[in-house]
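One structure is given below, represented as structure tokens, and several questions about it will come after.
Chain nomenclature is as follows: A, B and C, assigned in order of appearance, with residue numbering initiated at 1 for each chain independently.
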Amino acid sequence: MMLTAARALMARDLRLLWRRRGDALQPALFALLVVVLFALALGAEAQVMAKVAAAVLWLSVLLAGLLALDTLFRGDAEDGSLEQWMLAPVPLAWLVLVRTCMHWTTTALPLLIATPVLGELLRLPRDQLPVLLASLALGTPLLSLLGAVVAALTVGMRRSGILVALLALPLYVPVLVFGAGSVAAAAQGLDPTGALLLLAAGLVLALVLAPLAAAAAIRIALS
Amino acid sequence: MSDCGPGSDSRPMHDSPIPAPPLLAARGLAFARNEMPVFGPLDFAVDAGEALLVQGDNGVGKTTLLRVLAGLLRADAGDIAIDGRPAKPALRARAISYLGHLPALKADLTALENLDFLCGLHGRRRGQLPGHALGIVGLAGYQDTLARQLSAGQKKRLSLARLWLAPAPLWLLDEPYANLDLEGINLVNRMVQAHLRDGGAALLTTHGAYAAPPVRTRMLELRRAA
Amino acid sequence: MSPLVRWFHQLGSPPYFDRFAQRWAPWAYALALPMLAIGLYGALFQVPADYQQGDSFRILYIHVPSAWMSLLVYGVMALYAAIALIWRIKLCEILAMACAPIGAAFTAITLATGSIWGKPMWGTWWDWDPRLTTELILLFLYLGVIGLYNAIDDRRAAARAAGLLAIVGVTLLPVIHYSVGWWNSLHQGQTISLFGQSKMDPSMLPPLWWMVAGTHVWFVGSLLRRARADNLRREAGKDWVARLAGAL
């Protein structure tokens, strides 16, 4: 039953993504904007940019993800789909997990693919790219899962804007610290594995706990 | 009861069959929002093969009552039993199909795709297919029409198709006649009749009794809480 | 039923809690103010100056109790929120939400005093000290809870949502603290923590305990007052509130 529901939800989300193909590029576009603005603000000096490139990239991915968070549950809440999820014979947490995974593939995965290109714009040192990609590959799902809890808490609200950012940022801090920090550690010649493993551990925990918290939040928000 | 071991032939004195428990029974159900009572305490029951018509003016709490029964809201007092057993979430999900105000249809998916998803989510009644259900509700040629392009009445019919495909025995219908023309109203009544004949039950909310289905019906009148 | 259990049940009734809070809050303040006064007097006049930092270390006597309270109040808030979510007790919802502004205030005081203390030590008002950075994030967590509580119309749903947020926050707080510590060691090298290398001499401790005790009692009084106010606001349509206000 759970697998059937998961397959149905994945098929639905892929179909929806295909019907609105343009929207899928928006997070990547936003990250590009942030990178361009940073480059302009920093004066496009190669030395300066190279030093901060990894951090700026992490920030642009994080901020783009924050913006994309709105689309996680809002559409389904508005047309009553979320209600039907609550009434389905499969656990709501399971549906939330599947939905978050699909949302990650449609919003964060394009960002990951765009990262090497964006890195070139900021003169990211080549040897930092693998660690950066690894940290993003572990960190962005974690951000999506934590973000799902925040999105679920605010799902009924019309103008949640700054409130979502305020709620999400404290939860994002550890992910950002270990994510961007792992690249910084590698740049300093230290071993980034510790930080990456911590991200991985966090991801495993979040895969189990975040959907449960988000499901509880949806029930509260829709009551 | 005297002990009836194998081979014994004793029978109770009065051979009365134990009546089946009602499909849905509510006792002392009450709900308040922001300390203001919305409805309650209510006592009612619906047997298999019966319909319950919930009547009342706008804002008296009909939708809230249905949402409490469906499990979307939690009652402040009272309890609900489905088939004689306490209404735990798993039991509710299998026993109830809810048709609310919002159609739960994705605008960018076709009628058939919407039904496919909802069947994947809720399960499908044996022997029923989404394409066939579209025919039953009068949307025969509309499989590949985007939900966005359907009129309000057609969207309602699509929701009814979803209802038809659901395997749940208890239907909770909030304003099922809304947005429908005369033919649509007849469709709802025919569907409810067929569902009840198969041993299901239905709860409907409505403003007036003019559109009541021609089946064995109980009435529940909600009035504004004091 | 034992009298204690019966009293707990009674406390959950809004009119009873109103009378309880009305009666005991003034006593809490009456107890807290002298304690704080004794602590401050000892901190300012009795304790000798620190051999390293001179007189500027005296702000520790406000900074440390505030910091401890900022963390304690968050824990208490999360505890009340958990009870409210699991057992749906209205009073615990109110108590949890009443904790948030108090904790936020303590956090703000911690940040301000930490910044003031840091000026003579670091030369700047802010140095991204790991403890203060964690306090800053804690302030955002508090503001988030307050913001979420105020953003939802249905008071009970609002309290439950904000309570869930508080619980999520409390489980992440150790992680945040650890991550900031790690970040600090990575980027700043070893900085002199706000307490310096020396431990506090026992002769300097008594005013600190007075301040700690005083802030705890102050918290109780403030919590009772805020909870009472929220309770009255929620029950505003009921007869007993109207009678209290003299309208009936």
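To be clear about the criterion, a residue touches a chain if its C-beta (ideal position, glycine included) is under 8 Å from a C-beta of that chain, and two chains touch if they have at least 3 such contacts.
Quick caveat, the model's predicted, so the values are computed rather than measured.
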item: Innermost chain by mean C-alpha position; value: A
item: Comparison of A-B and B-C (more C-beta pairs in contact); value: A-B
item: Most remote chain, CA-based centroid, reference being subunit B; value: C
item: Geometric centre distance via CA averages, subunit C-subunit A, whole Å; value: 32
item: Length of the line joining the C-alpha centres of subunit B and subunit C, rounded to whole Å; value: 49
item: Gap in Å, rounded to a whole number, between the CA centres of subunit B and subunit A; value: 39
item: Where subunit A touches two or more other chains at once, by residue number; value: 223
item: Per-residue multi-chain contacts in subunit C, two or more chains; value: 154
item: Multi-partner residues of subunit B (at least 2 other chains); value: 74
item: Subunit C to subunit B touching residues, read off their complex; value: 88, 153-156, 234-238
item: Residues on subunit B engaged by subunit C in the complex (per definition of touch); value: 33-36, 74
item: Footprint of subunit A on subunit C - complex, ascending; value: 85, 137-138, 140-141, 143-144, 147-148, 151-152, 154, 157, 160-161, 164-165, 168-169, 172, 175-176, 178-180, 182-183, 186-187
item: Subunit B contact footprint on subunit A (complex, rising order); value: 1, 4-5, 7-9, 11-12, 15-16, 19-20, 75, 78-81, 83-90, 95, 222-223
item: Subunit B to subunit A touching residues, read off their complex; value: 70-74, 90, 92-94, 96-98, 100-109, 113, 116-123
